[in-house]
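In what comes next, chain A is part of two complexes: it sits with chain B in the first one and with chain C in the second one.
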Partner chain A sequence: MADLRVVGHSHPRVDGLDKVTGSARFSPDIKLPRMIVGKILRSPHAHAKVLHIDTTRAAQLPGVKAIVTAADTRDVKRRSPTYQFDDQGERAADATPMVMDQTVFCEGVARFVGDEVAAVAAIDEETALEALSLIKVDYDLLPPVFDPLKAMEPGAPLLHEAELNIAYKFVIRRGDVEEGFAQAHVIHEETYTTQLQHQAYLGPTACVADVDGAGRISLWTELQSPFRARRLLSDMLGLPASKVRIFQTHVGGGFGGKHFKRVQPICALLALKARRPVRLCLTREEEFIASPPRHATHIRLKMGASRDGALVAKETRIVLNSGAYGEVGPIILDTMTKRVDSLYRFTNIKTDSFLVYTNTVPGGAFRGFGNPPMDFALESHMDTLAEKLGMDPVELRLKNARRVGEVSAHGWEVKSCALTECIEKAAEASGWKNKRARPTPKGGKPRGIGIGCMIHVSGCRYYPGFYGSNAVVTIGDNGQVYLLSGESELGQGCKTVMAQIVAEELGIHVADIVVPDLDTDFSPASLGAYADRTTHIGGNATRLAAIDARQQLFEFAAEMLEADPGDLVAEDGRIFPKGSPQQAVTFLEVAQRSWFRAGGKEIVGRGSWDPPSVPPDPESQYGNVSSAYTFGAQVAEVEVDPKTGKVTILNFTAAHDVGKAINPMAVEGQLEGALVQGAGYGLMEDMVGVDGRIYNPSFLNYRLPTMLDISPMKIMMVESNDPVGPYGAKGVAEPALVATAPALANAVYHAIGVRITSLPVTPQKVLAALRAKEAKRRSE
Partner chain B sequence: MRRPKRQAARRRAVLEKIQPLQRIKLTINGEEVDLTFKPARTLLELLRDDLDLTGTKEGCDGGECGACTVLIDDEPRLACLTLAATLRGKKILTIEGLAKDGRLHPLQKAFLEKGAVQCGYCTPGVILSAKALLDSNPAPTEDDIKKALAGNLCRCTGYRKIISAVEEAAAAP
Partner chain C sequence: MPLPAFQYFEPKSVKEASRLLRKTGGKVLGGGSDLLTLMRMRLEKPALLIGLGAIPGLSFIGYRKGRGLSVGAFTSLAAVGSSPEVKRQCPMLAQAAEKIASPQMRNAATLGGNILLDTKCPYYNQSPLWLESGERCLKAGGDRCLAVKGQDACYAVWSSDTAPPLVALDARVKLVRGEKARWLPIERLYTGLGDKPCKIAADEILTEVLVPEDSCRLRSTYLRYSQREVIDFPVVSVAAARYRQKNSTHFRLVAGGVDPAPKRLLQAEALLRGRPIDKAIAEKAAAAAAREVGPIKDVFYPSRFKRDVLRALVEEAIVACESGKKG
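Let's look at the complex of A and B:
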């Protein structure tokens, strides 16, 4: 891709001015005339029958305008948001293997501490809170179950109407595992566990809902997938989709945690009942106890390698703690079950994985989507295998690394892959060889260096219907260009990337392009921000829309220049025949001519792009699910204090195959941000749950990395120029978090010789492991 | 389940029944204002709800995240923990008052150009903490910056670009 003018160059955010001046409005900032305040009543019990809800006294409190409970939603059932149509034109329910078991309020049974029971809207917050305390709920306590390993056994208390608490299950068999283990020179088996991690976006989730005279409801809220939310809301409210409109405000961070939640339908119900605008904003405590965090997991992994380091067999048993509801759990389980198998050249695979209900907060999507816990297990395992083989961990990974042109055991066709290059670059730049041999300077605390590798997707298809993106580019009367994309800006910078693509194709500047906020009435429908699909898929759609607009523009320019439209080029605000820039007409002249011509119609460029990926076969689970796979390698150097167990990160070196960096500064920002989130996952963050209660639902007690916790980072973007992605681009936001925790755990092992198999690697665990090691040494 | 907020709200309702409204004069973003409000009103509520200055963000309402940082007489303070009634005669600066005559403050410019903003929710608070730092220490080291901004959580950027932006602004003429 020669001579790119805008794409591939760092550009400040198009919404940056709005954000640095304080004028950017997020959902909690929206205020409408006559607006009242909503609040949610939540179950204080982990498992209880809801016998009766008495709202009489609350309704009598002056200032209370609406109270809603499950009784207001009885007829409403949820359906999968990604339905497709069958041959008869009927909606097929299970297009995506989701478990749509979460109704607007819990119905009849509360299944976790925080489960939504009722909601009120009142003239102010104090009155709303007072009203909540006046609602009397009769509960009949049921035996709860918190441990997923116990919950999945027969006889455990059941959360839903089923014989077992197993919400979903995968059974995967590839090659011959027994034969593989028989050939193995070394075999290692270990159990790994990972914790609940909260997205902890700084901006709380809020929704403002307003109903107009015709019964049409508008919502101002923060969503990663507004069009799916419109579909779900229309189902849950029993309204046609045409009666639901969603305005996307600025989004105060998402990371997977701002897909559709109960906030939106509850706020809508309150507004419909009160016939006044209602704002419902979650408190930070509510975010922690009732917003879906990254699931806790339990992984049993056994792997074998031949004498030369080839991975000959992998056997895995995964238990994913779904919490009280299933929702997207099955596809997160799918990710855990299959994704890492394509990182290395595995052929013999046996995996049984289970999504298990317990009476804890339901888990959900979070950057990496099931990949981080499994990658932690796999990459920890790789280091142990390397040690058993007497090999360097880098060497073992290079030996097995996925290569371009290969098809993995699950049918993934790897069209671009710079994994080997990433490993080599990360090792080289981190000084791996020297530090591996002599990690600790004389007299210093023990130091170690560790590596982690990863694979991810750029969009992941689960169904054959439209999995693409739509974009529209229009050109106004004064040459101003509007870009409407159906993809969601969460802060990751997609508006800027899309504007760069349009600027590139139209030969104009990013500043000439207006990127309005998403509005489901006007923006072209797309799927939204998840599975790292926005730049790769949305970028392709945007590029096609810009090219379409350019072709229409060239028709007019050709008339003006008396040239063939096919010979024209657009550059720096001018359009001219290729090789004759002196003959140029300006973009503005052409735009005005197109706008003001007799009988004219507006230039509207349309772009639609559906990736050439294949959903997994329902039986064999085989299929090329993504149109581009991303790879990366991260090296962490740490220092461990043997007296306190504290792990200090000295530096990170991260090399990621990004395909093509459309906005290098933004890509770097994604990688840096993800490294710090990954370090939080690896060392600090843990939602402490006892008996189904989260005991640290605040930033004071749930510790996020602060500026004092960060270390120097060396970021390397490796461009493999994917043949399918726009200008070669692949997803970048999620991958960078995936390999961080295992790189840290491996570095800790290298420093002090103890392997921590449960995340996060806290000082307590390190100390306990050191003491156990010392006790063992003494007894020998 | 913990209900500190609800208890606080009840205490507050009682307090407001027995105490009269407060009336004070203070300066917000260079403009003197004369305000009357309920005694338990926090500065954050005053700014966001009464004056519609929503550039000051609420991230936790408990003094834990730094998103509501404003400058009170040039010192960085958390608006969610500050009772408005204590601010008689004080000078408040919020993010809305930082650009002068449409010209960005060097910090705003640097945050934009260095990519120190992603979702932008923590940005107003971070920029104001950084302004207080640069006003008292025009050439801060990386450690100075880290200490001054340690109370401002950011979940998007990984902080590196914020540090570069503050350094850039410090170096600006």
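Let's look at the complex of A and C:
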């Protein structure tokens, strides 16, 4: 594909001007005539029976237009994104292993501080807040449980109707772990813990809902998966799906946190009851205490390596703190349980993993999806093993790195892989050899350099049904081209990438293409922005739609040129027989002819693409879950102040196997953003919770790195040209933060010789570890 | 959360402002960066706010030889931080001001407001829902301090950046009540009580800060530790000023973030008094400083950590002061 003209070239975002001029409308900006304001009443108790809700006084407050509680909802739980059909074609249980245990409001029992109890819509925010204070809820306190290790034991207070608080569990056995450990030259065992990290999107979660005279409800909101939301809303509201319409506004950041939440059905219920447009927008505190963050985890990891560094056994026990509800927890646990096993050439694997309820904020999807905590454990472990073996950490990784053409222990077929090249490039560009040997300049504070590697998916199939994407490309009467894609633009740049693909295939310019905002009435459906699938899967669907449109266009062009449609090429706004550009007709002429000729038509190109992946077998968990796997290596260089424990990042070097960069500038932006978010996870971001209370539910004390906390970054894209992806592209944006935290932790260890096994690596922990090391040295 | 409803006045004189405060029980609104945040959280619910913006003569920076550097209380932190006069006379004050929060906040926030900043604590500076969701601390109407458990006093910490330098420089503040004005050493403005940190009457208005001539153009250093370079309040901060009389030197050392008030480190100061300063004595003084502060911890920072950081900062500040290098 040497002659690509648009794909593979940096292009500014198609929504860039709208955003940088401040005119872009996000969901909180939407204003409708007669719109009123919704507010949510939340449980102040971590665990309590809700005995009675008295809304009498609130209802009497002038200005209150609607109050909704569990009594106004149907007894319908949220559903997983799919239905399963058995061999006879009957609809069976949900196909994806999710624990969909959230109703619109908590019913009967409040399970965490912030659990939604009731909601009010009133003429303004002040009145709505006053109304909330007038709702009287009788609670009967129940004993809470916060520690997942205690919660999973028999006899712990139960959150749901079950014998144990274990919401889901995996038992994975591959090869023979005992035999592997018996062969090992070195064995290392360690416990790692990771914290709650919030997506911290700057644009808050908001929804505006409006009901028309026929009872049809429209929602303006920000969603990563609007078609799934339409299905869920239809279920939860008891309306046919045809009565639910979702307009996607600009998304003020998603990172996994802008999937369907309780906000959308609550807002819809308020609008249905008030018969007025209702706006519901979460406060930043509500985002922190009740919008699903990245789960906290507890990982026990034991690994063995042979004398030459081959990884011969891996034994893992994972406890994922689900919080009060299960939700997507099982598939995040699935990711933690299996993903890193395909990064290196593991064969002997034993993993037990548990999703455990506690009376804390329920966790959810967040960029990396279970991969970051497990990769932190694995990659920290790799460095310790390397040290025990007397090997360089880079060398140990190269020794075990996944290679193209292999099938992993879980059945993952690796059709493209540049992991080795990524490791080598990152090491080379970061000055690994020299800095590893002499990290600290004379008289300076201790410095260190560390590496982390990662693997991820480009879409991850959990069920056999349609897991793909749809797109429509239409060519208008004046040559204008519209691209309707079911994929969600959440700031990752997919509108631009899709427009580039259409421009490439139609031989026109990105500027000639309109990419309207997603509207579930008009846009063809797609699964949504999960598992880094948008470019890889949505890109393929868009490419097919563009090719379909081009073929139709060529039919008309062929008539004009008296040529065979199969011989035509489209380039730079012109269509001509291959090798005869002087005979060209313009794109505009052909488009107009298609429209205005007798028997003409509007050209509508359709594309539908379902990836050739295989869901994991429910028993063996074996299956090629993604059509492309993505890899990367990151190197961090840090300086540590031994007096305060403060870690300063000096340099980042990131080399990622992107398959093919369709928009290199966008890839670069995604990698830079991921390094910042990964640095936050590694060094400072932490929702500090004690006894069910989050102590820092604000951007003041929940510390996101700022530009001053970040170092220069060297970004390298390695193009492995995936055979399945559009133009060879794989997912890159989501997992680009996976390797950052372990690279930082490994660099800290290299600098000062203390290994921090719990994220984030805060100055408090570094200093305490240095003191402990000093005390140990003195006692010896 | 939105601000609660309140009335707002902009009197034209300090006298009028003081009269309004006395009559109505309102509160002074400086830049609003502290008070409005507290109001949004419903931790402050004044029925009336008195804005100082319409009163002439409260925003200025001036130096007069023999008297010292005076700064109007309504002067923005941005102006204090960037003023050549402040940098010349009291560089440490400029250093402190320009470290606060972010440029936007420094444009709004005033020196007076920063001097009278309320103490901060993760057990107190929270929303009504948060406070309802468990035990209330002393400052929030409960029975005991939750930061330092077992204490019957409030240990919310002092987090203003400008106060430690001003205490170290022995600054005076002018407090006006009606027609009467009084000058007070800034050190005496602070009570040391976390739940009522400033000793200022409800109808008194802080109008001016004076750094006396003896404290101008000293070798001084302000150091602060926070996890991020911007936005954060200091976890621990240290202001050090080196005074020289004839052949003898002494230091004034003041810490922030380790006590409900800017904390004079008197034992550390005593160790340095009249002694030649080298690394060894700086280390000794720093160790003393770490010992002499009271119980300091909260859910984010254990006491040991804060003491260690204080020790590192005190040592560095003394050495920097002595060498004359800027901190």
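One rule holds in what follows: the second predicted complex is superposed on the first by the 770 of 780 C-alpha atoms of A that agree within 3 Å, B and C clash if a C-alpha of one lies under 4 Å from a C-alpha of the other, contacts with A are read in each partner's own complex, and residues count from 1 in each chain.
By our rule, contacts are C-beta pairs under 8 Å (C-beta built on N, C-alpha and C of every residue); 3 or more make two chains touch, one makes a residue touch a chain.
Owing to the predicted nature of the structure, the values given are computational and were not obtained by experimental measurement.
When the shared chain is aligned, no partner comes close enough to touch A:387: not chain B, not chain C.
Within the superposed three-chain model, A:684 lies in touch with chain C and out of touch with chain B [touch as defined at top].
Looking at the superposition, the partner that touches the larger set of chain A residues, chain B or chain C, turns out to be B. Of the two partner chains placed around the shared chain by superposition, neither chain B nor chain C is touched by A:395.
In the overlay built on the shared chain, the residue A:589 is in contact with neither chain B nor chain C.
Look at A:696: by the touch rule set out above, it reaches chain C but stays clear of chain B.
By the document's definition of touching, both partners, chain B and chain C, reach A:283.
Once the two complexes are overlaid on the shared chain, A:706 sits against chain B and chain C alike. By the document's definition of touching, neither partner reaches A:107: not chain B, not chain C. Of the two partner chains placed by the overlay, only chain B lies in contact with A:491; chain C stays clear of it.
Shared contact residues of chain A with chain B and chain C: 42, 44, 113-114, 125-126, 129, 283, 285, 289, 693, 697, 699-700, 705-706, 708.
Residues 42, 44-46, 113-114, 125-126, 129, 283, 285, 289, 641, 643-646, 684, 688, 690-693, 695-697, 699-701, 703, 705-706, 708-709, 762-764, 767-768, 771 of chain A touch chain C in their complex. Residues of chain A that touch chain B in their complex: 10, 12-13, 15-26, 28-29, 31, 42, 44, 113-114, 125-126, 129-130, 132-133, 199-204, 250-255, 283-285, 289, 490-493, 665-666, 668-669, 672-677, 693, 697-700, 704-708, 710, 713.
Contact residues on chain B toward chain A in their complex (touch as defined above): 1-2, 5-6, 9-10, 12-13, 48, 52-62, 64-65, 67, 94-96, 98-99, 104, 108, 111-115, 117-124, 127, 145-147, 149-163. Contact residues on chain C toward chain A in their complex (touch as defined above): 1-2, 5, 122-123, 126-127, 129-130, 132-134, 225, 227-233, 299-302, 304-305, 308-309, 311-312.
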